[in-house]
Amino acid sequence: MLDGLRAAARRSSDDKALRAVVRGCSRLLSERAEANSVAIASELIDAYGRLPEAQRAALFQVLASDFSPDPKEVLEAAVAYAQAPTAQHQVRLSEAAEPPRQELLRRINRAPGGTACLIGMRRELLALLRHHPELAALEADFLHLLSSWFNPGFLRLQKVDWESPAQLLEQLIRHEAVHAIDGWDDLRRRLLPDRRCYAFFHPQLPGEPLIFVEVALLPEMPATIAPLIAKGSEPLSSKQFKVAAFYSISNCQPGLRGVSLGNFLIKHVASELQRELPQLKRFCTLSPIPCLLDWLLKSPDFEALPGVKKAHLPRLQAAQAQLRETFGAELAGLAQLKADDALGEPTQQALLSLCAAYLVYQSPSADGDPVARFHLDNGARLERLNPGGNLSRKGFKQSAGLMVNYLYDLAEVENRHELFTQGEVAHARGVAALL
Amino acid sequence: MLDGLRAAARRSSDDKALRAVVRGCSRLLSERAEANSVAIASELIDAYGRLPEAQRAALFQVLASDFSPDPKEVLEAAVAYAQAPTAQHQVRLSEAAEPPRQELLRRINRAPGGTACLIGMRRELLALLRHHPELAALEADFLHLLSSWFNPGFLRLQKVDWESPAQLLEQLIRHEAVHAIDGWDDLRRRLLPDRRCYAFFHPQLPGEPLIFVEVALLPEMPATIAPLIAKGSEPLSSKQFKVAAFYSISNCQPGLRGVSLGNFLIKHVASELQRELPQLKRFCTLSPIPCLLDWLLKSPDFEALPGVKKAHLPRLQAAQAQLRETFGAELAGLAQLKADDALGEPTQQALLSLCAAYLVYQSPSADGDPVARFHLDNGARLERLNPGGNLSRKGFKQSAGLMVNYLYDLAEVENRHELFTQGEVAHARGVAALL
Amino acid sequence: MLDGLRAAARRSSDDKALRAVVRGCSRLLSERAEANSVAIASELIDAYGRLPEAQRAALFQVLASDFSPDPKEVLEAAVAYAQAPTAQHQVRLSEAAEPPRQELLRRINRAPGGTACLIGMRRELLALLRHHPELAALEADFLHLLSSWFNPGFLRLQKVDWESPAQLLEQLIRHEAVHAIDGWDDLRRRLLPDRRCYAFFHPQLPGEPLIFVEVALLPEMPATIAPLIAKGSEPLSSKQFKVAAFYSISNCQPGLRGVSLGNFLIKHVASELQRELPQLKRFCTLSPIPCLLDWLLKSPDFEALPGVKKAHLPRLQAAQAQLRETFGAELAGLAQLKADDALGEPTQQALLSLCAAYLVYQSPSADGDPVARFHLDNGARLERLNPGGNLSRKGFKQSAGLMVNYLYDLAEVENRHELFTQGEVAHARGVAALL
Amino acid sequence: MLDGLRAAARRSSDDKALRAVVRGCSRLLSERAEANSVAIASELIDAYGRLPEAQRAALFQVLASDFSPDPKEVLEAAVAYAQAPTAQHQVRLSEAAEPPRQELLRRINRAPGGTACLIGMRRELLALLRHHPELAALEADFLHLLSSWFNPGFLRLQKVDWESPAQLLEQLIRHEAVHAIDGWDDLRRRLLPDRRCYAFFHPQLPGEPLIFVEVALLPEMPATIAPLIAKGSEPLSSKQFKVAAFYSISNCQPGLRGVSLGNFLIKHVASELQRELPQLKRFCTLSPIPCLLDWLLKSPDFEALPGVKKAHLPRLQAAQAQLRETFGAELAGLAQLKADDALGEPTQQALLSLCAAYLVYQSPSADGDPVARFHLDNGARLERLNPGGNLSRKGFKQSAGLMVNYLYDLAEVENRHELFTQGEVAHARGVAALL
C-alpha cells in the first residue's frame, strides 16, 4: 500500500487534501479504527466533501489500485481451494479475494450521511468511467454494495399525493424524465384520485425519493398520452377504473444507476393497487419508443435481425420502400414530421410494421430500444402499437408519434422474462399481425 | 450442482419438502427468477418455515457444498489476476470467488420477512456449527452479509421508556441477560428518569429490539449493583447526575451473534446522553466478571500469563497462598462463599490482586473474561475493582461478589483499543496498585 | 364582590394563599388580563395546585357566592325580555344570566394543563357536594362546560392493544371497575385478537383514557363471565366471531362524572367493529346486576312497583315465598350464598322471576339498578338472564351469581330509549316468560 | 314551537327541505334523540348541506325566533333568584335563560363534520347580519360556543415549512391577506430558515389552518417590507438573528370572525421563538396602516381627537396646511401618490406627524385603524413610523407608503393593554417627538 500512497502523493505532491483523505481511508480500514469507526468515517465524509473535483478523480485511482486484493495471496488461496475445497479454504479465499475497499465502503456507510456520500461518489465515478476503464472494478464494488443495501426488502413504497411534503413534490417536478411536469398545477392534476404516484424510499435517505412511477386509472388501455397528462381534465370516479396504466417512471438518483429498482417498483405498485382496487383488470404501460427513428434512419438490414422469420422479410422490405417513397430515400421527411401532417394509410401501416419488427426482433439485443428492453426484461408483453400516441415534438422526433403498450400480467412475468432472456419477445396477436 | 442435489435427495430420499426447498433455492438464483424474485423468495421463506429441524440441517449441508464457488473457475481467475491485475481480471475474480449462496441470501432478503428468516436460519446454523465444521464457510457468508445489513448506519437508536409499547417492554424482560428483570414493577423502576434504556432497531424488524443497554444516572461512579436495581428506590433529580453507568447490556437476537452492535450502541448512547445532559462528566460501566472464579479454581500459572511483569509474581503467588489458606487447597470454600461471609482483610486483598492480574493480563487472550474483552476492545479503561459489588448468588458464583468499572472516555477509546489489540490493557492507578 | 372577599379573608384570616387565589380569579376575569390571559391562567393553576384541601373548599364557596349573576341585573334583563323579546334583549339577558365564573373557567381552560386542572377541581367539588348543597350551581357550571368540551365530536376513539404504551395499559389495570385485571398477564389475554379494548381520549389530555370498554368476540351471546376473563384461554379465530359482547366499561376520570361518555363509546365501538368485522351479527353485553340483592333483601312491595301488571303479582309473591322458605324469612341465607351451593330448580326459578321483575319494573326509577339504567337508557333491550353467570364472591354478593345480557340493535336504540324515558323497559320474550 | 314551525312552513310553503331541517332540529333537541344523537346530527348536517341559500336564511330566522328562551319562564326564574339567590334558583335561572338553540348547536357539534358545519353556518349568518339585526342573538350564541371550543387551550400551534403538505401550503397562498404570495417560489422563500410561518389548528379540523402568521428573523427592526418578501433574497445565518418581525397575519376561517385567535397566536409564537432562539432580543411587527389615507382625506378635526394635548394642535394644523399646499385643498394629489414621487422634507415630516396623531389619538376609538387597534389591544407599543415602508400601489393607497412597527414586550403587554382599554396608546419617544 505504501507504493500506492507514494504514487498518490507524487501525483498531487502539492495536494495535502487528497493525501489526507487517502490517509483517512487507510486509517478507517485499520484495526485501530474499530473502536471509533463511526467518528472516523464521519471525518472522512467531511474531508471528501471538501475535495476538489480533480482530486476526487485521483482518489478513485488510488482506491482502484491500492485497495485491491493482493494477487499473490489470492493465488495461494485459490490453489489451496482447488486442491481441497474445504470450508477453511473457502473462508480464506473469500477473505483474500474481496477487495479491501469493499470494507472501506462499508465502514463509510456506518456514519450518518454515509450512504448519501457513497451514492454521490458513485455518481462522479460513473461520469469518469467511459474514459477510465481502469476504474471498472472499483465501480463494480460500488454497484455490488449499493445493490445489497438498496435491496427491495429495505425499500419503503410510499404513495405520493397532495398531502405529501412540498419538498418531496418539488423533487418529482425536477426529476420527471418522461413527460415533464409543468409546475405545481400540473403536478396537482397528476395526484388527483384517478392518477397515482408511488415512490421508493430508503431508510437512510429520508425525504429523498429513489425512483417514482406515475399511474393513470382508466376505463380502458390508453392509446394516446395527451388525455393522461392534460392539466384541466375532470377526474374519473373510481367506479370507472378498469385499467392501471403506468405512463411514466423516473429515477432520481444517478448514483444508483444499474441498481434494480424499477422492476420491483412496478410490481409492488401493481399488487398495492390490486389490493386497494379489486376492480382493476389490467396493468399496462403507455410507453415511448425513444430509439425507433434512430433505427429507421440507419436503414436497418432486416435479414440481419436476430430471429427474424424469412416469411416476414418481403413485407418489411415493402414497408421500407413505402417509407422511402413518402419521405425520400434518406427518410429525411420522416425526421421532420409534425403533428398535423396526415400520413396516408399505406405509410402509416408501413411505419407500424417496421416498428413491430424493431420491437420484436431488436429488443433482445443490447442495442434494442431501452424502454422496450426494460419492460420486456421485467416480463411484460408487447401489447399494442398506437399511431399518433404522442403528438408532441419529442414524440415525433423519437418515434414519429408512435407509442406502445406493454402489458404486465403478474402470473406470466416469470415465463415471459425467461423467453426474453432466450431472445424471444412475447407479443399480442395484434402486433404479430403487423409483421 | 446435480451431484449435491442427488446427494441431498439420497440423504432424505423420502423428504419431498427438503428437495422442494433446494429446488426453490436453485430457482431463486436462476436467470428466470429475476422478473419475479420477490414472489419466489416469499414462497421459499414459507417453505423453509415449514421444514422440520433435521431437514434444515440437511439444507445447510447442501448450501455449504453446492452453492460454493467453482474451484476451477476461481483458479483460472486468480491466475489471470496474478499475471495482470487489471480491472477486468479483478471483476472476473470477484465474480468467481463469491459463493453463489451469497446472492441467494441477498435475494431471500428481498422479500417481506426475508431479513427475519435469515436471522432465524443463522441462529439454527450457529447451533450446528460446533459439531459441523464443514458449515464454517456458509456461516461466514451469513455473518458477512448480516454485518453489512446491520451496519450501524442502518440502525435506529430508540429510547425505551414507560411510554413504549408493552410488547417491546415484554421483550426487554425476556432478554435481559445480566440482572434479571423481576416483572413489570421492576421494569418500571428501571425506566424512571434517573434510569435509561436504549435499544437498536433495524427498519426491517420493526418492534424487535436487536440489543439494549440499561444506564443509571448517578452522582458518582457506582461500586455496588444493588442500589441500581432496587425496585423501590427513590429517583434522583437530574441536578445530581454526574456519572452515566452502563450496568447491563443484552442481545436479543441470537442470529446476530458476532455482528458488532454493542460497541456502537454504547458510544451512540454516550453521545446522546452527553447531548441531552451536559452535566454528565463520566461514562462508565458497573460490570460482572463472569469467569473470574473459573480461572482462580484452575490454579493459574502466573508465570505463563502473557506480558506479566516478573516483579509482580511474588505478590500474586502470595495472594494465591492466602486464598488457599482461607478456602482450602482446592479453593473449595471460595466457590461456596455467601453474602454474609465476612472475609478477612488479607483474603480480600489477595482476591483483589488476583482479580486485577486476571483482568490486566488475561483479557487480551481469547480465553480472557468475555465482558472484560468486550469493553477493553471497545477502548474502555479498567477503572476500579469493587469488592462486594454483587452480593447475589450469581455474583458470588461468578466472581466472589466482585464487580468492576470500565471507563469510557470517548477521546481515548481509539488509543486504548489499539493498545488492547497489541496485548495491553489500559488501567487506572488504583488497579495497578493491586498488582 | 368585596363582601365575598372579606368573608373569604375572615374565614381564613391567616391564609394568604387562598386570598391570592381568589385575587387571581378576579384578575383573570378582569379586562386587564385579556392581553395575557394564558400566562395569568397558568399562574392561577399553579397557585390552586399548592392550595391545601380546606382552602380549596373555601375557594369553592367564594366561587359559588361571589362569581354568580347579579340578581338585580338579571331581573331587569328578564323584565325587558318579557316585555319585548328582541335580539338585543336576548343578548343582554344571556350576558346577565350567565354566572361570571363560567367565563373564569373558560379562561383557566386556555392555559396548558387547564383542562386537567378543571377536572381535578370538579372531582374535589363533587366530593363536597353531598354536605354542601349551596355548591350545586357551581357544580352545574362545571358540568355544563365540561359536557361542552368533552363533546363526542372532540373525543378520539383509540384501540388499545399490546402495542399501546405501558403507561396507558397500567391505567387500564388501575381503573378497571367491573372485573378486576390481575396484573399484566391477565391484561395481555384481554388484548389478544378475540378480545378488544377501546378508549376515548381528549386532545387536551394525551395519554389519559377517559373511559374504556372491553369486548369479547364470540360465536354466541355469552352466559357466564368466567370464560371471557380466563387468563389462559385459547384465542378464537376470527372466522368464529358472530357476537361482540361488551363485558366491562370503566370510567377513568371521576371529575367527568355525569358527562355522557359511555353511551357514545358503546355505539362508536359497535360501528367500528361492524366496519372491521362484517361477520358480526349481534352486539350485546354481559353485565352485572349490582343492586339485585339489596333490593331483594329489602322485602320489596310488588304492588308498589311502577307499571307492574296485576296478573304478575301472584307469581312474584310465590317466588318471594319460595326464597323465604329456602333462605329464611330475612333471606339471610341468600346473602351468604357461595359458588358451590346448588340451588334447587324452584328456588332458581323464583330468583329469575324476581330478577326479571326488578329489571323490568324498577329500572325506570331513579333507584333502579344503575347498570340496567345505563344500558336501557342507551336504548338497549333486556335480552336474557343468566343464572350462575358470575360465580365469584362479588357475583354472589351482588346478584346471587346472576348476570344479564343487554342487546344493542343500532336500528332500534332510538325507539327503545324513548320507551324507556316513558317508563317502559324493552325486553325479550324469554324475559317476559319469567314474569 | 308549533307557531314557529307553522310560520316557517308558511314562509316556504312549497319547501319541504327547510321543513325537514327544522323538524330535524327539533328532533335532535328532543329527549328521544339522546340515545342516537350522533347519527341524527349527521343526518341534519347532510340535510343542511343540501339546503338552498334562501332556505338557509329562513332557517336562521326559525332558529332565532323558535329556539329562544321562554320569556315567561325566564321572568319567573329571575324573580325567584332575586328574592333568594340560592343555588337551586341559580340553576333554574341558567336553564331558563340559555337559548335552547345552544344545546342544538352543541349536539350538531357531536357528529363528524359538525364543527366544520357550524363554522360554515356562521359564515353565512355573518353575511346576513347587517340587514337582519333580528339575527344578532343567534349570532351571539354561535360566537359564544365557538369561542369556547376554539379556546387556545384546544388549539395546536404548528410550524409550517417546506416539509408541510402541499395542500396546507396551498391554503396559505390562498388566504394570505396582507402581502399576497405570488406562487410556490415566493412561498418557498418565505419558509427558508430566516423566515418562519406558524399556524393554529383545531383537532376537529385537521389540515385546515385557522390563522397563520409570517415572521422574518433579522439583525434589526425592519423599516421597509420589500426586502422581507423579496423572492430572491439570500437567507441570513441564524447568528445574525436579533429581531423577530411579524410581517403578516391572516385568518383562514371567515366563520370564526371575532373568535380571539391572533392575540394568542402572536404570543405563543413569540415564546416558541424565544425558546428556540435565545439570541432574539426583540419581537415586533412591520404593519400597514390601512385606514390612514381615508382619515386624512376626511379633513379630521384635531381638536375633537380624544385625549389630544392642546399643545400639539398647532403642529398638527401646520402639518395639515403643509399637505394641502403640496397636494391641493382636497389632498387629491395625496391619493394619487406613486413610488417615485419624491416628497419634500417638510411634506414628509407633516405626513409623519399626522400619522402619529392618528395612531396615538384615534386608535382607542372604534373607528381607529383596525391593525393598530389589534396590536395595541394585544398590549404592543407603537414603536416607529417608517416613511417609504411599502412602495407598492396598495401601500400608497392605504398610507402614502408609510408602515409602522409595533413592539411586543411580553413583560409589558398586560400594562399596555390596560392603558389602551383606558384610552391611552403606549408609544416610543421617537413617536412622541413627531407630535
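The letters A, B, C and D name the chains in turn, as written, and every chain counts its residues from 1.
In this section, contacts are C-beta pairs under 8 Å (C-beta built on N, C-alpha and C of every residue); 3 or more make two chains touch, one makes a residue touch a chain.
Given the structure is predicted, the values throughout are model-derived calculations rather than measurements.
J.: Going only between touching chains, how few steps reach chain C from chain A?
T.: 2
J.: Show which chains lie in contact with chain A and also with chain B.
T.: Touching chain A and chain B alike: no chains returned.
J.: Using each chain's Cα centroid, which is most distant from the centroid of chain C?
T.: Chain A.
J.: Compute the distance, rounded to whole Å, between the mean C-alpha positions of chain C and chain D.
T.: 40
J.: List the centre-to-centre spacing of chain B and chain D in whole Å, with centres computed as mean CA coordinates.
T.: Centres of chain B and chain D (C-alpha means) sit 63 Å apart.
J.: In angstrom, rounded to a whole number, how far apart do the mean CA points of chain B and chain C lie?
T.: Each chain's C-alpha centroid was found; their separation is 54 Å.
J.: Hunt down the residues of chain D that sit against at least two other chains at once, touch-wise.
T.: In chain D, nothing touches at least two other chains.
J.: What is the shape of the graph in which nodes denote protein chains and edges denote touching chain pairs (line, ring, star, complete, other)?
T.: Graph shape here is a ring: one loop, exactly two partners per chain.
J.: Can you tell me which positions in chain A touch chain B when the two form their complex?
T.: Checking each residue of chain A against chain B gives 31-36, 38, 40, 64, 68-69, 71-72, 74-75, 77-79, 81-82, 85-88, 90-91, 93-94, 97-99, 106, 109-112, 114-115, 133-138, 140-141, 144-145, 147-149, 151-154, 156, 203-204, 263-264, 267-268, 377-379, 410, 413-414, 416-418, 421.
J.: Which residues of chain B touch chain C once you look at their complex with the stated criterion?
T.: The contact residues of chain B facing chain C are 162-167, 169-170, 183-184, 188, 207.
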